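Each of the next two complexes has chain A plus one other chain: chain B in the first, chain C in the second.
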Partner chain A sequence: MKPLLEVKDISVEYVGEKRNQALEKVSFDVKSGEILGIIGESGSGKTTLAYSILNLLPESAKLKGSIIFKGSIITEFKENKLCYLRGKEIGIIPQDPAASFNPVFSVGYQFNEFLKVKGICKDAEERLVLMEEALNKACLWDVNKILNSYPHQLSGGQLQRAMIALVIAAKPSLLIADEPTSSLDVTIESQLVHMFLRLRDEMGFTIIFITHNLGLIEALCDRVVVLYQGQVKEMADKASIIAAPRDEYTKSLVVSFREVGE
Partner chain B sequence: MDLLDIQNIKKYFKQPWGINYALDGVDMSIKEKATTALVGESGCGKTTLAKTILGFYRPDSGKILFKGEDITDVKTNNKLVRENIQIVFQNPFLSFNPRYTAFATLYEAVRAMNNISKKEVRGFLVESLNSVGLGEEFFFRYPHQMSGGELQRLSIARALINKPKIVILDEPTSSLDISTAVNILKLLAKLQQEALLSYFFISHNLKLVKRIAHYVFVMYYGKIVEYGLKEQIYGFPRHPYTKLLLDACEYKMKDYPASGSKHKQGCVFREICPHSKDICGNEPEKTEIEPNHFVFCHFV
Partner chain C sequence: MNFWQQFKRNRLAVTMFRLLLVLYVLAILADFFAPYHYDDDDVMHAWAPPTRIHFLDIKQKVITPYINPYTFSTNEYYRRIYSVEKNVLIPVRFFVKGFKYNLLGIWSTDIHLFGVENGRIYLLGADDRGRDIFSRLLYGSRVSLSIGLIGVAISFSLGMIIGGISGYFGGWIDTFIMRVVEMIMLLPGFYFLLALRASFPPEMDSRQVYLLIIVILSFIGWASLARVIRGMVLSIKENEFVFAARALGLTHFRIITRHILPNTFSYVSVAICLSIPGYIIGEAALSFLGLGIQEPYASWGNMLVLSQGIVTIEAYPWVLAPGVAILITTMSFNIIGNTLRDVFDPKRKIL
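And now, the complex of A and B:
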């Protein structure tokens, strides 16, 4: 079976006062229905990789290589065609939810607008049902309070779950989660892990899960890509990476994870 | 006698939507030359307690004793508190003046306590920076020129420079990468042995706490629910909330009902607790189930 997403020899360079090679010849593929983990430390290029898939990089970034999604080369797409993909076909959950909601509109208004603009649901009442369903899936039960609140009135955890609800309401074929839990505490983190597993098992989502926490990879992912200073160091099944890492960097990562754990 | 004794501290905040019982009768003690950890989820009052100890907040009632001396009102005992209790904050990027170099930051800290001339101070500062693993190249750097891990080391150097007895560590590693976090924890353990420090370690991550702590206190919405030696808390957790936190660390916990109850009366955990019964409406008694291991629950 053909993979859902193929990333071939992607290189990203930030051009400015100082040249900065953020990614160097990164290749991997994502199969339909799997959770692929991308792990690396701060500055290893994880977020650059996530944003380059949707071509959301700043202008100073120069991208080379090709990305193939459902058989078409999306790196050659024009902006309007990409716009169609964003949200509807490929959803992205950013790291900091507070920065991704507009502070002057209520969460419900923004959610409604997203569904309307993307043409996901034409009828206003249906949209309301859709929003409620999505919020429940993301473990938010007090739907009216969430929808009528402004972003600053909600906690970080609630806002992050509202963002997840917004993204999954569009039922994208590919979900990119960029460290969705790193600003949350363990009780919420644990709930979200099970939410992602349910999304995959019950609704057939394909997920790219970006993190620096090996524990999350262990709990959630099927395969892992290890990123270090912009290069792919290792790519294998979860079990073989954790039990028998081959690369030096992966080894040190596993060691420091074990040291914290025991 | 314990180094720091916290007795029945209460701190309420009035909010537009009601009263927030941030600390609701907290009893705690910090032992000498050991690490006491406080764990709990976001918003349960961990940082409020740290700030109350330092006198940033004035408690509504209760007492804080340092070596038997009352330090609840910081104004009367300011010097004693500042000399003996220091803090390392969660976010290293927000805890420095952006216009001060590493050297200037530490110099200011030294000057606040001692009368020391600029010439004499240099050797002292170099030694302090070296002890946290910052070499010569960092002396004249500004905060924005340093990484999170390096800044956190500087933060530790600043806390230790006047030789305090207690250092409050408010989630010192939660904004750092795992490999950096491990190095910081190693450094903290080394410094504790050298200077015979007492740590008050605040965290939501029970895995980190297991590595560093001697005593563990578990807090839930303004109240301590269980405390004891590390081995007891990890080996035989008795309170349902402690068990839930331990599960969450392993990502085993699936469902967690919406935010917890904030009742004034009775067990704070009763709305979420799987064993909840009518009796939980009454205040649970402190029960000693084995030496040093205390639980606040009706069902132990």
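And now, the complex of A and C:
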């Protein structure tokens, strides 16, 4: 079976006063229905990688290589075709979901607008049902309060879950989650881990899960890509990476994870 | 404390706001409130002073309001000296029949709020041709009050869209737009207005002139706004929510109009209130110079033409009424604008 997403020899270089090679010949693939973890320390190029898949990099970044999604080379797509893909086919949960709502509109307005504009659901009442389902999936139960609130009236954690709900409501073929649980407390984090697992198991989501937390990788992912200074150090099944890391960096990662655990 | 509660704390602004509402209602229903048509003249009443309405009869008893008709004699300078005939009482009637008009452009009717059946009533006096200044003031307010709103609507939508595009896309688009904006800002507004108006035939229909003034004023007005909006967009577009909107696949146009520009509304609503007076005064100035709305149509500017001479003002001070109207309207907008600015300013929030 062909993989859902193939990333081939992606290099990203930030040009400007200081040249900076953010990614160097990164290649991996994502199979349909799996959760792929991407782990790396800060500055290892995780977020750059996530953004380069949808060509959301700033203009100062130069992208080389090719990305193939569902058999078409999306790195050659024009802006309007990519725009259609974003949100609908490939959903991305931004790194700071709490700041991702427009402060002048209510959460419900923006949620509704997204579903309407992206043509996900034409009927207004169906949209309401869809929003409620999605919020419930993201562990938000007080649906009316969330939808009628403005972003400054909700806590960071609530907004984060609302953003996750917004992205998954579109049922994208590929979901990219860029450290989506970073500002949540542990109980909610574990609820969301279960949510991601349910999304995969019950609804067949394919997820790229980006994190610096090996614990989350252990709980969630099927396969892992280890990123270090813009290069793929190792790519293997979760079990083999945690049990028998081959690369030096991966080894130190696993060791430090164990130490903290004990 | 929310926005309205804060706004309401300023009594003056609320009063001015209500006053403006009244003025706009009067303008919209001018046909109904005006006892006479704007071109209804009567040479026998040229320069008639404001009519006094009596509520008490000679024995100090309350009766239906009435007025006394005017008679006049001429003095040694052939100026009319008006006096009233005390023994003739003309009752002031409400909902009287007058000239025919279309209320709100729909219902054809001839009922007016008040009027007299014989003789004439001049609440604010009469002009040189015996036309009722009160009626003309109401008709003139249609021009003066709407020109600000329409002009602002055009120039602000232009300024916001162009400024938004300029700030959002940046690069050569931004450079190009900003140079154009600077060129327009360099034009001395009022003289440009005069020059443009002069390049059109002077005997144009008043309706066309009205549109022309709006277009000219908005054409000058959008540039400085575009510049400010562009600056605001430059900082707003760095926000995470703009990036998120892009990542979720919203189009550039939608992001600019639905996500970035609404974040400038607090500034824009203040700027709107503060720039409406400019349009009102611009129109009045043009009409005052005879380049705007032409007789017999009324506008506050061309009504003020009568008060060009100090002799006229001294003899018939009521011709200044449109000036007072302009003063009140522009002041109201300014006060509301200032209050809005205080309400929106986060540093001045009273906790």
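Note that in this section the second predicted complex is superposed on the first by the 262 of 262 C-alpha atoms of A that agree within 3 Å, B and C clash if a C-alpha of one lies under 4 Å from a C-alpha of the other, contacts with A are read in each partner's own complex, and residues count from 1 in each chain.
Just so it is clear, a contact is a pair of C-beta atoms (placed from the backbone, for glycine too) under 8 Å apart; a residue touches a chain by one contact, two chains touch by 3 or more.
Quick caveat: nothing in here was measured; it's all calculated off a predicted structure.
Steric overlap between chain B and chain C is absent once the structures are superposed on chain A; the two fit side by side. After overlaying the two complexes on the shared chain, residue contacts for A:G215 are found with chain B alone; chain C is out of touch. Of the two partner chains placed by superposition, only chain B is touched by A:V186; chain C is not. In the superposed model, A:G157 makes contact with chain B only, not with chain C. Looking at the shared chain after the overlay, A:F101 reaches chain C, while chain B stays out of its contact range. Of the two partner chains, neither chain B nor chain C is touched by A:G71. Taking the C-alpha centre of chain A as the vertex, the lines to the centres of chain B and chain C open to an angle of 90 degrees, rounded to the nearest 10.
In the superposition on chain A, A:Y84 makes contact with chain C only, not with chain B.
Closest CA pair between chain B and chain C after superposition: 10 Å apart. Only residues 41-43, 148, 177-182, 185, 204-208, 210-211, 244-245, 247-256, 258 of chain B touch chain A when the two sit together in their complex.
Against chain A, the residues of chain C that register as touching in their complex are 239-241, 243-251, 254, 258-259, 262-263, 265.
Interface of chain A with chain B (complex): residues 41-42, 139-142, 155-157, 184-191, 193-194, 212-216, 219-220, 252-253, 256-257, 259-262. Those residues of chain A that touch chain C in the shared complex are 51, 54, 56, 80, 83-88, 91-92, 94, 96-97, 99-105, 113-114, 117-118, 163, 166-167.
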